[in-house]
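Starting off with a structure, shown below.
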Amino acid sequence: MSDLRELWEFVTTASNWWGLNGIANRTWAHVRLSAFAAVVATVLALPPAVVLGHLRRGGLLAVSIVNVGRAIPSFGVLALALPFSIQWGFGLGFWPTFVALVLLGVPPIFTNAYTGVREVDRGVVESAYGMGMAPHQVLLGVELPTALPLVLAGIRVSSVQIVATATLGAYVGYQCLGSFIVEGLASFDDGKLLTGAVLVALLAVVTEVALGLLQRAVTPWSRARATLGRPPRATGAPIPVPVP
Amino acid sequence: MKRFPVLFAVLMAFALVAAACGDDDEPSGNQNTTTSGASVPDGPTITIGAQDFGESAILAQVYGQALEAAGYDVDYQALGGFRDLVFSSFENGDINLTAEYAASALEFLNEQAGEATADAQETTDALNGYLTDRGLRATAPSPAVDSNSFVVTQETADSLGLASVSDLAGHDDLTLGGPPDCPTNPFCIPGLQDKYGIDFSDRFVSLDGGGPLTVEALQGDEIKVAILFSTSGVIADEGWVVLEDDQGLINADNVVPVLSDELVDAYGEALVGLLDSISAALTTDELTELNRRFEIDKEDADAIAADWLEGEGLA
Amino acid sequence: MTARVLANGPDSFVWWAWVGDHLDDVRDRTVEHVQLTLWAVGIGLVIAMALATLSLRFRWTYGPITWATGVLYTIPSIALFFFLVPILGLGFRTALIPLVSYTLLILVRNIVEGVDGVPEAVKEAADGMGYEPWRRFVSVDLRLATPAIVAGVRIASVTIVGLVTVTALVGAGGYGAFITDGLSRRFSTPIVVGTTLSVALAVVLDVALVIVERLLTPWARRGVAVR
């Protein structure tokens, strides 16, 4: 197919890799923004989720957060964030995209962490208390480690969605992989367009695989079982986010 | 119990109904009413293509409503923002009339051979050379021009003494913000390289085609030089400086209607004459004002066009 | 000065008059958005059913099917939309295919796990009552797996509604067209309209599916008689 040939030609032309708008720089920009957004989303979501899960409170909140979060279109949030970002002196590009990505990333992390901590086997938790551990020790020493697979799975799902959606940043001026797509569309340059699309896809897959390996390395004793979208159980715990 | 398949069928039926309803293109104007005296021969419906930006929608409405008032059957077709689509839509018969820009259309068709000049008629004639092969024809160009212009803030112009595009040479730290096709558009980065010997390719930020992103980037000092369209009302509003095109990079991007031979055959010179009179009435200043109403007052393209035509006595 | 700030107009966050004037556009965009969503989830469900049935009948295929749909799920729909543009151009089909591929993993897994979740005892009882394998599969297994299946359809539908807004960038319309209009002229009203309607539609679909689930599982409402 001639499109694939154009893609090949674009990617194998050295001058397309370097410079301000080259593949290397834009990929880095894409990774930089995604990683930052993922970290901030984790920092915002994890502590409250873990604490609430430990206290076995706020189940309804956890369910709602992920349901509402799923319903909010990132493209809309991005477009809405733009004028505010400009008004408050944060400019175009990076910051409005950042806001949209953090908003996107919080729900899966929150819900998985909450469910993970809350669903720890009561017997185990009670033995821990029985051994004289204080609540915070139980949380940090027993519940959190046990919940780790699910927590990491949530971060993984979140990160992949963030990497994918960062592409839209190009529509509000952020120079990233999405910019190849926008430029390619505008100049009917299929090679450039496909380069952008393929690189985003690759980056998403790499993120998924890398974090999956990390998950396995950190929690060798278990694999995050997919509890995909089953109806809420009697405990009232929310449905964890799909884990592919 | 057969509920499950039944409900599934209901859902699919709903989807099919929605599909059927959704496929109806709402033609905005399909009257066959004639104005006093004018009689229009039977012929194909005129389908006007409008690209994905305000000015294109406004121009489509301007020509369309004037034609409707004269008794023609008119329909509108929204296209994506890309010139590629315009010509392939002509090819497969989706549209048979559109408002194009002489120099840009010419350079698109001749694959950037550089034939466009600053003379509108010359450029249009050259354009027609390429259009005949495609069964198309460009009528007389309008005096209204919408081309790229290189804009800097008053502060930048003052502090660096910039008055023309040539003055940009030697200032290697200035960033350029412009439309996403700038890296390959002959009236953009390659043109600046050719005519002015200035290479912006490593100092370019791709934003939008003279839209709010570019405006905001210049306002926020995130870029130093912005590519805006000459019919954009913001330039005067902000007191920005348009750098003079002293090497003649920008050519005659006059508005020019392009229509299919089929339409010319069906309606003859009466149609061409009407298009010419509409084109002649349109000036750059007026087009700028129409754009301003769309971009700043957020009015709708059809309302803006209707007002202008009424003012001109064309509808 | 105060009057200008307070007056509702083009520069307000939401210019109500504009909304009122453009209700016909709202209707058109809604039809486009709903169409794309229903087609995507509908086709996805049909394909997922086929794949799930295959997985349940031939267990060894479940692994590869999960892997394949997982890859499709991971490849961002956003990237896929643009990947298809050179091949299929702009429009409905370019939008539809990535949306369908996105739903497959969720739906296949939910169907399979839903059916697996049906107690063996029930399946055996049905067999014992004389159900042929296919009839049992449809009338017993799938029916009892309905909550899991509907849960998957809900997740898929809500996510798809959000993704459809992005399809405006490849010419497929929907509420995203309001967002692109607003972006192209620094006009917040259509962006607010587009975003809000997208959320509203997602909620409506979710609620509708909950109702569908209730209708399909009348036994759940009757509850267990043992006190």
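Going in written order, the chains are labelled A, B and C, and every chain counts its residues from 1.
Rule of thumb we're sticking to: a residue touches a chain if its C-beta (ideal position, glycine included) is under 8 Å from a C-beta of that chain, and two chains touch if they have at least 3 such contacts.
Because the structure is predicted, anything quoted here is derived from the model rather than measured.
Taken as a graph of touching chains, this assembly is complete, with every chain in contact with every other.
For the pairs A-C and B-C, the count of C-beta pairs in contact is higher at A-C.
If you average the CA atoms of chain A and of chain B, the two centres end up 39 Å from each other.
Note on chain placement: the centre of chain A and the centre of chain C lie 20 Å apart, centres being C-alpha means. Averaged Cα coordinates give chain B a centre that lies 37 Å from the centre of chain C.
Shared contact sites, meaning residues of chain C that touch two or more other chains, fall at 183, 186. Looking at chain A, residues 172, 185 sit in touch with two or more other chains. The residues of chain B that reach two or more other chains are 216, listed in rising order. Taken in their complex, chain A has these residues touching chain B: 19-21, 86, 91-93, 170, 172-173, 175, 179, 182-183, 185-189. Across the complex, chain B is touched by residues 10, 15, 18, 21, 28, 31-32, 34-35, 38-39, 42, 90, 139, 142-143, 146, 171, 183-187, 189, 212, 215-216 of chain C. Listing the residues of chain B that touch chain C in their complex gives 1, 3-4, 7, 11-12, 14-15, 18-19, 21-22, 26, 52-54, 80, 85, 208, 211-212, 215-216, 294-298, 300.
By the touch criterion given at the top, residues 70-71, 73-80, 82-83, 85-87, 105-106, 109-110, 113, 117, 147-148, 151-152, 154-155, 158-159, 161-163, 165-166, 169, 175-176, 179, 182-183, 186, 188, 191-192, 194-195, 198-199, 202-203, 206 of chain C touch chain A in their complex. Residues 81-84, 179-181, 183-185, 201-207, 209, 213, 216-217, 220, 222 of chain B touch chain A in their complex.
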